[in-house]
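Next up: some structures, all given as C-alpha cells.
Common to both upcoming complexes is subunit A, partnered first by subunit B, then by subunit C.
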Partner chain A sequence: MIERIFLYRLKTILRDKEMVFWTIFFPILLASLFRIAFANLGQTAEIFPIPTAVVDNEAFQADSAFREMLAAVSVDSGDSEALLDLSRVSREEAEELLLDGSIYGFIVPGVELQLIVDESGLHQSILGLLLDQYLQTSSTAGTVLSRNPAAAEDFMRELEQRTSYIRTEALGKNSPDRLFVFYFALLAMACFYGGYYGLIEAIDIQGNLSPRAARINMSPIHKLKALLASSSAAVCIHLCSQMVLLAFMHVILKVRFGAQLPLVILATLVGSTLSIALGIFIGTVVRGSENFKSGIVTAVSMIGALFAGLMLPELKYIVSERFPLINRINPVNLLADAYYALYFFEGFSRYSQNLLILLLFTVFFTAASYFFMRRRNYDSL
Partner chain B sequence: MIIRVKELVKRYGDLQALDNLSFNVQKGEIFGLLGPNGSGKTTAINCILSLLKYDKGEIEVFGKPMSPDSYSSKRKIGVVMQEVAVFEVLTVRENIDYFCGLYVQDAERRKHLVQEAIEFTGLEGFENFVPKKLSGGLLRRLNIACGIAHKPELIFMDEPTVAVDPQSRHRILEGICELNRQGATIIYTSHYMEEVEQICSRIMILDHGKEIASGSKEALKAMIDLGEKNSFEVYDISDEQLMKLRNIPEVAEVSYRDNMLLIKSHKGSNILERLLSFFKQESLPFGRIYSEQPTLNDVFLEMTGRELRDKATGQGVQT
Partner chain C sequence: MTVYKLSLKVMKSNIGPMTLFLGIFIGISLLAASSGGNTAEQLFTRSRVPIAFIAEESSPLVAGLRTEVEKIAEIQPYDDDSETLQEAIFYNRISHIIRIPSGFTRAFLSGEEAEVITYTGQSEGRAMYVDLAVENYLNTLRLYRIFTPDMPLEEMISHVHRDLEQSSEIRIYTDTAASESLTVDPRENYFNYMVFFNYQAYSLFAILILGISSNLLVFNSRLIRMRQVCSPLSSRKQSLQLFLANFAFALFCWMLMNGISLIFIPELLGTSRMYLLIANSFFLCFWASSISFFVAHLTKSRNAISAITNVIALGTSFLAGVFVPQYLLGSAVLRVASFTPTYWFVLANSQIAGAGGTVRSFSSLASQKDLLASFGIQIIFGLTFLAIALVLRKKQALAAA
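Let's look at the complex of A and B:
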C-alpha cells in the first residue's frame, strides 16, 4: 500500500507541469540568465597583479635598488604571483592612465617617493604598504651603514638570509569568485522550492484542508504512513531535479563545486529533505489559504536566497557582519554556504557545521509538524 | 444494526450544528438524510466517520464505537463526498485504482474491481481521460467510482448529484439502487426531496441539526394534515368566487397567482370531482388541470414553516 502511494505520488508530481517548470526549469533558466548577465563578474575578485605605473624620470633611473624592487614584485616567482602590473611611463601618461581608470595609482620617484591615487581602496592601500615597507627597509640600511660601516657586510648578508617566521597559507583552495556566490545561492534557493512539494503533502493529508485528504483520512490507512510515503516520493523527485540543475551548472555553466561531489549531493539531499519538511510545517502550522501558505514558501526561499547572496553577493557579507544570527538561521544561506565551503575551503568543518544546523532544522520542522498533524480528527472542516 | 447514533451534539462556537441527534440505520437500508443546506447532514456524516470531533454523544458503526483508528470498520466503508475529491493529474482509471488501493492490496483483485467500477458508473471510454477533460456529470460519476470501487458494505453518499445533468443524475440514482440491491447499506444525504423520495427506504428530515421527523416517505406524509393539491389554469376569477372556494370544508388553502389557481385540500379528502362541479356551476372556464399528492417539501413546510429549498441557502455554517 505504501509503495503504491509512493509510486502514485511520483506520477502526480511529474505530471504537474507548473510544478515541474518552477522547480526544475525556472532555476535552470535563472542560472543561464546569471551567466549572461554576470559573465565577467568573477574577474572583479582578482586582486593581483595591481595595474600600476611608475614615472620613468631621472630619480628612477638613478635608484637602481628601487628599480630592482619594482621589477621583483612585477613578475611571478615560484611561490607567489606578481604584485604589480607595472608600466613605465611619463608623468603625463601616468596621469592619463589614472584618469581613465587603467591603473590604481602611479609612483613618482624623487627625493620623496610619492604615490598618486585618485581614490582610496584595497588596491591603493596595498600600493601604499609596499612603498612604506621599501622606505623603512632602505632607511634602516642607511642608518646601519652610516653608524657602523664595518657592519655593512653582515647587514647585507642578514638581509639576504631574512627568514619569514609567518607562514602564509591560502585561506581557500580555490580563488574566491563572486559569481559562484550567485550560483550557490541560486542552487540553494531552487532547493528550497521543495517547500511547495511539502506544502502539497500537508494539504493532501489533513482532512480539514482538502476533500482529497478527507477521503484519505476516511480510508483504513494511517495518515502519517501515507505522508511518509508521499513525502519520500517528493524528496526523490526534488533531489533528482536538483541533480539536473547541478549537472547543468557544472557541465554547461562550468561552475566548480570542488572535488567532493558526493558531499555536494549529500548537502543537496539534506537541503531537499529540509525544504520539504519546511513546506509540510508551513502547510500544517500556518493558518490561511493555500495561496497564503504558498506565499510564505516563496518568501522563505526568495528572501533567504537574497540574504545568501543572490542578486547581490555583498549582502551576504553585510548580513554576516552586522546580523550574523540571521545568516546562521537562514536555511538557504546555510545550504549555499555549505556549497561554497566545499568549493573554497580546504577543510570540512564549515561544511559540516552548516549541514548539522540544516539537519537540526529538519528534525525541528518534522517534529513540530508531527505534533500538529497527529490529531486525527478536526474541530471543523 | 449497522449504525447507531445517540444524542450527538456538535457545536461550532455558539452555533449548535447537531442538537442531540439520534438515529439507527439497519443493514440493507437506503437511509436518507433530508434537509436544507446548513441543516447538519454533512456534519452528521463527518462525525460518524470520525473526521470531525463532536461535543457529546455516542456513535457505533458495525457494532463498535467509531474512532479515527477504527481501521477494520473503515475498510468496509465507502464515502462519496459532496466535493469531487480526485487527483487532477491522474486519469480516470488511475484515480479509481489509487483510492481502491487504499482498501484492497491484492493487485489482481483491485484490477478487477477498478474495471467493475468503471463499468458500473458508465465511464467506459473515458478511462484515460484526466478529470478536467470530463463533464460535470462524468466527474461526479468518477467521484462515485472512487468511493465504491472496493465494494464497501456501507456507503455514505453526501449530495452526490449536486450540479449534475439529468441524464447523469438518473444514472447515479439507478446505480445507488443497484448497489443497494447488491447488499450495500447506504446513507444518502440530499436537499433534493425528489431524489430522496425516489430511492430512500427510510428518511430523516433535519433542520438546524435537529430531527424534525423520520420514517418512510408514506409515514412522513401521513404526519401532516395536507391532502392532495389541485392546480387549475384560470384566466379570470373574482374575489367572491375565491371566497366560495375557501368555504368548501375539505379545502385547506386557496391561492391564485400567475393565472394558476392552487387549491390544497385536507388529508383524506378527494375533492377533484367537487371542484369540477364548482367550476361548472360558476361557469368558470379553465385550461390545464394538475393534481398531485403532498411531497416531502410539504412535510417540511408544514413542520417548520419554511420551504425545504430555502431561499436563505448558504446562511449560517455550511455543513
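Let's look at the complex of A and C:
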C-alpha cells in the first residue's frame, strides 16, 4: 500500500511539468546570471587607464619631477597596465573635456596641486590617491635630500624599489567572499521552494481540499503512513532537482563547498525535507484559498532568502547582529549558514548546530501537521 | 467594461496574498534604503573601515603604524583569539585584521625581511586603503632609515607622519567657475534616494509579475477562454480591458510604494529631482505591467509563477545594476543588460541623481537628452511587450477554440 502511494505520488508530481521545470531551472538560471554579473567584480582591469587631463600651465612646465611622474604612469610610456590616459591641454580645454564627459577629472599644477572633478567616484578617488602619493614622496625627498644632498640618485632608485611589507593570509578555511553569500543563499532559497511540493501534498491528502484527496480518504490506510509515503515521494523529486543544481554549481560554476561534498549533500537533504514539511504544515494549518497558502510559501522563502543575504549580503549581517533571534529561526538562513560554515570554518560545530535546529523544525512541522489532520471525518465529500 | 469590472473582482478575491506581498516588498525597499544605501558603492570609498590591530610587540614604530592606520580605519578592541577574530570576520564586524608579528621592529630596522600579516574580510576594496596606508608608512620610513641613518627613530617617525599628511586638493567643478569643496557634497543625499528607487526595479517588478500572473491565471483557463470567444465583445477589446484592469492594479501598487517612500524619506519632498525620480518609477510601472501581462500568458501553473518571478525580477536586477552599481559590472555585462528595460531604468535614476561614475552632472544639456533617451527606451520596451502579449493572447484564444 505504502509503495503504491509513493509510486503514484511520484507520477502525479512529475505530471506538473511546468512546476518541475521551473523549480529546477530557476536557480540554475539565477546562479548563471550571478556568475555573469559578478565576473568582473573585484577586477580592476576595466578601470585603467583612467582618462585624465593635466593643465599645461607655467607651474607644470617648471616642475620636471611631476612631469616625469605623470609620464611614467600614462599610456604614452608604452606600459600596457598604465594608470592614466593623459592629455596635456589648456584650462579651457580641460573644462570642456570634463563637461562633455571624456575625462574623469583634470589636474591643475601650482603651489597647491588641485584635482578638479565633477562628481565623486572610484576613478576620482584613485586620481586623488595618485596625487597624494606624489606629494608625500616629494615631502620625504625634501627632508632627506636637505640632510643628505649626495643621495639624490640613490633616492630615486630606492623609490622605484618600493617594498611590499604585507603578506595576506586566510583566517578560516577560505577567505570570506560576498559571491558565496549569494550562492549559498540562492541554494537555500531553491531548497525552500520544496514548500510548493509540500503544499500539494497537504492539499492532496485532506478530503475537503481536492477530489484526489477525497478518493485517498476512502482507503483504509493510516493517515500518518499515507502522509509519510506521499511526502517521501515529494522529497525524492525535490532532492533530485537540488542535486542537479548542486552539480551545476560545483562543476560548471566552480563554487567551492569546502571540499566536504557529502556534508553539503546532507545539509541539502535536511533542508529539502524541512521545506516539504513546512509546505505541508502551511497547507494544513493555514485557513484560506490555495492561492493564499501558496502566497505564504512564497513569502516564507522570499523573506527568508532576503534575511539570508540573497539580495544584499550586508542584510544577513545586519539582521544577525541586531535581531539575532530572527536569523536563529529563519530556516533559509540556517541552511545558507550551514553551507557557508562548511566553506569558512575549520570545525563543524556551527554546521552541526544549524543542522540540528533544522531537524527539530522538521519534526515539529511534521508532528503538528499530523495532529491537525488526524481523525478528521467528513459527512459528505 | 464588463471584462474590466470582472477582472477587478478577481483581484479583490486575491487581496489577501497581494497585501502580504506589498508589505514584504515595501519592507525590502525600506530595509535596503536604510541599511546604509548602496553598500557595494561603499566598498570602494575611503570611509573608516572597522578593523582589528593585533600587535605582538610594542615599539615606537608599531605605535606610529597604529596612528597612521587609525587615520583611515576604526580600530576595534579585539584580543588575539583566533576564534573570536574568525567570528568577527564571518559576521563582517571587522573587514580587516592587521597583525604585527613579534620581532618585526628589529627586523625592519636592521633591513632584514619584515612582514605585516593581514587577513581580509569581505570588503576587500575598502581594506585596500588600509593596506596602502601600511605600505606607505613602512616604505617612507624605509627611505629615512636608508638615507638618514643617524636620525633618531622618533624623529624619523614624526617626519613620516608629516610627509603622509600631504594631500592634494579635490574640488568639484561647477558651472559658475567657483568650485566648492568635495567634503560637503550636496548630491550625497540623492545617492540614497537613488538606491531606494533602484530597488523598485526589483520590488515593484516582482509584485507586478506575481500579482498580474495570478489575476490572469483565472482568465487563461481553457473553459473560460472558450466562453469568452463566444462573446459579442471583440477579442481586442477584451484584451485591452484586461490589460487596463491589471494596469490599474499596477498603478495602485506604484502609488502605494511611492507614497510610503515619501512618508519614510520626507526629505525628498519638494526637491526638484523628486518629480523626475517618480516619473521614472512611473515608466517602470508601465513596462513592468506590460512584461507581467506577457509573462502571464506563458504559464498555467500557479506554483511556477513564483519561480518565474524570481528569474525575471531578480535576474534582471542583478544584471542591470540594481544591487551593484553599473560601473562595477563590466562593459560586456552592461551590453547584455542594455537589452533589459531595468538597465535603462537604473541608468535614468543615476542620470537624475547625477552619480555613478559613467554619467555627468544633471545640469548640462547633453545629459538631459540622455535622460530623455532613457525614458523613451523604457516606453518602447513597454509598448513592445504589450504588443507581443496581445498577439500571444489572440493566438491562444484561437487555439483554445
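Everything that follows uses one rule, which is that the second predicted complex is superposed on the first by the 245 of 381 C-alpha atoms of A that agree within 3 Å, B and C clash if a C-alpha of one lies under 4 Å from a C-alpha of the other, contacts with A are read in each partner's own complex, and residues count from 1 in each chain.
Here, a contact is a pair of C-beta atoms (placed from the backbone, for glycine too) under 8 Å apart; a residue touches a chain by one contact, two chains touch by 3 or more.
Worth saying up front: this structure is predicted, and the values here are computed from it rather than measured.
Contacts of A:Asp16 after superposition on the shared chain: both subunit B and subunit C are touched. By the touch criterion stated above, A:Asn377 is placed in contact with subunit B alone, subunit C being left untouched.
With both complexes superposed, C is the one of subunit B and subunit C in contact with more subunit A residues.
When the two complexes are overlaid on their common chain A, residue A:Met218 makes contact with subunit B while staying clear of subunit C.
Of the two partner chains, subunit B is the only one that A:Arg4 touches; subunit C does not reach it.
Shared-chain residue A:Glu58: touches no atom of subunit B or subunit C. Touch criterion met: A:Leu306 reaches subunit C, while subunit B stays clear of it.
In the superposition on chain A, A:Asp118 makes contact with subunit C only, not with subunit B.
On subunit A, the surface touched by subunit B in one complex and the surface touched by subunit C in the other have residues 16 in common.
Contact residues of subunit A toward subunit B in the complex are 1, 4, 8, 11-12, 15-16, 207, 210-212, 214-222, 376-381. Every residue of subunit C that touches subunit A in the complex is listed here, in rising order: 13-14, 16-17, 20-21, 24, 28, 31-32, 35-36, 39, 44-46, 82, 85-86, 89-93, 97, 108, 114-122, 124-125, 131-132, 134-136, 138-140, 142-144, 146-148, 151, 159-160, 162-164, 166-173, 179, 182, 185, 187, 202, 210, 214, 299-304, 306-308, 310-311, 314-315, 317-319, 323-324, 327-333, 336, 354-357, 359-361, 364, 366. Against subunit C, in their complex, subunit A makes its touches with residues 16, 18-19, 21-23, 25-26, 29-30, 33-34, 36-43, 46, 95, 98-101, 112-125, 128-129, 131-133, 135-140, 143-144, 147-148, 151, 154-155, 158-159, 162-172, 175-178, 181, 189, 193, 196, 199-200, 288-292, 294-299, 301-303, 306, 310-315, 317-318, 320-321, 340, 344-345.
Chain contact summary for the complex, subunit B toward subunit A: residues 12, 46, 49-53, 67-69, 71-72, 74-75, 77, 79, 81, 83-87, 89-90, 94, 98-99, 101-103, 105, 146-147.
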